[in-house]
Amino acid sequence: MIEFTHRLRVLYGHTDQMGIVYYGRYFEFFEAGRNELLRHLGLPYYRMEDQGFYLPVAEAQASYKGSFTYDDWMNIRTTVRELPSVRIRIDYELSNDEGTVLVTGYTVHAFVDQKSRRPRRIPDAVLQIFTPYFEK
Amino acid sequence: MIEFTHRLRVLYGHTDQMGIVYYGRYFEFFEAGRNELLRHLGLPYYRMEDQGFYLPVAEAQASYKGSFTYDDWMNIRTTVRELPSVRIRIDYELSNDEGTVLVTGYTVHAFVDQKSRRPRRIPDAVLQIFTPYFEK
Amino acid sequence: MIEFTHRLRVLYGHTDQMGIVYYGRYFEFFEAGRNELLRHLGLPYYRMEDQGFYLPVAEAQASYKGSFTYDDWMNIRTTVRELPSVRIRIDYELSNDEGTVLVTGYTVHAFVDQKSRRPRRIPDAVLQIFTPYFEK
Amino acid sequence: MIEFTHRLRVLYGHTDQMGIVYYGRYFEFFEAGRNELLRHLGLPYYRMEDQGFYLPVAEAQASYKGSFTYDDWMNIRTTVRELPSVRIRIDYELSNDEGTVLVTGYTVHAFVDQKSRRPRRIPDAVLQIFTPYFEK
């Protein structure tokens, strides 16, 4: 398993008139989490794009058990629980500073060739970085 | 079943550097779809808030089979397939003008009392509007 | 002078916890207005990008005299008051259905070559479309 | 003068298909800058709202001399150059890690009573915090 926690502060522009973070905004926080996880692995996302492929989102899901409000600190725990092959699944757990998990979710990404815009297997260079985390 | 189709145009600000609509933006399009469905039922969402309850999102999901690009027309088909009780599930199908479905998804909403911020059953006034659509 | 009015509905996701549209969101509405003005001229923006140049924003400004709220109709009146040369200035007036102007603003855009990313003069094909509107 | 610098990382969702940060997004970065400036003064914005007033934006402006791209660090230098009275003007300077200023701008805010939604003078508690910075 790979895991990384990143912290962000909730802005006014993230809230809606219910006084809580707008449900669609959490997918940006998920993105921030996976960006920082990839950077932590020494594999920042822009480098993937430099190598000729994209990692578009094939599926996204979020469960809202509670809600963040303006100015809250948000702790974004991002995990990869299975060695990726054609696709990669990333899980997110968003908690406040009291340790309460308020939002969970996941995204599934395909590896796509930039020119053909068609799916491809995980590039070897990426696989080599992930593999050690999933060996006993 | 209840169903309604709403049309929107994709803005430049909706795209990302992959040249397609950013994955988190689709949840705003889902919202536009359900807003128009509720208005079509004679039950615009602001009237729900006037009656003392909120309809926050408990879960949201999207599957991306293809992608919309700048300036595309997007046809948002919104459906409610089951009579709501404590929760309401709404499904979305987003297609282009060639009729190809590019993104699907759903949201699940809870009925919540505005003062207590606690879940409550579907208000009678709302139930009365939905019921006829689910009778044979 | 060139002018065009486009209508949009305010979404929940556009509001913030003050119960009004978030100030930064209006720049998306400005974009929607200028998109529709360009389309009305027979010059949709994507065609400009197809011809090898971008029209990035050099300056943007908004004055907030009042505020739009959830579910309001917004009438976006977009005008070009001077024949563009190296730059083009576009003005916006956003009013509600009672005819009250709530937000005004403008954007200034440069014509930029896509390859060199450097400023260039207005392309002839674009100039020809604008010129007749500024002749007496 | 009061000044504070805050750092943020550019997300994928902040970019558009031109490959740069969407012009309207910078107003969220301005907000992040002024939030952190107010917190640095010991006056976080939510405390203002707790005291019965809002600080809505009356005017906003941005000049784009260059552009931030995905994954860039952005240094947001926020300054207040004049002691506020009925209104407060805040200036922003956004630079990359090479020290180049790419975007500048300002916002003007009114002090507004939450109940009446009408303008009011700067609250004494706020004035007391600002005053020492403007004395020689």
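The chains carry the letters A, B, C and D, assigned in the order they are written, with residues numbered from 1 in each.
Criterion: contacts are C-beta pairs under 8 Å (C-beta built on N, C-alpha and C of every residue); 3 or more make two chains touch, one makes a residue touch a chain.
Here the structure is a predicted model, which means the values were calculated and not measured.
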### Message
Count the C-beta contact pairs for A-C and for C-D, then tell me which is higher.
### Response
C-D
### Query
Of all the other chains, whose mean CA position lies farthest from chain D?
B
### Task
Quick one: report the Å distance separating chain A from chain D, using the average Cα coordinate of each chain.
28
### Between chain D and chain C, distance of the C-alpha-averaged centres to the nearest whole Å
24
### Rounded Å distance between chain A and chain C, as computed from the means of their C-alpha atoms
34
### chain D residues counted as touching two or more neighbouring chains
12-13, 18, 20, 24, 27-28, 31, 70
### Message
Under the stated contact criterion, what part of chain D meets chain B in this complex?
### Response
12-13, 15-20, 22, 24, 69-70
### Query
Inside the complex, what are the residues of chain B that reach chain A?
18, 20, 23-28, 30-31, 54, 56-64, 67, 107
### Task
Going by the contact rule at the top, pick out the chain C residues touching chain B in the complex.
9, 11-13, 27-28, 31-32, 35, 44-46, 70-71
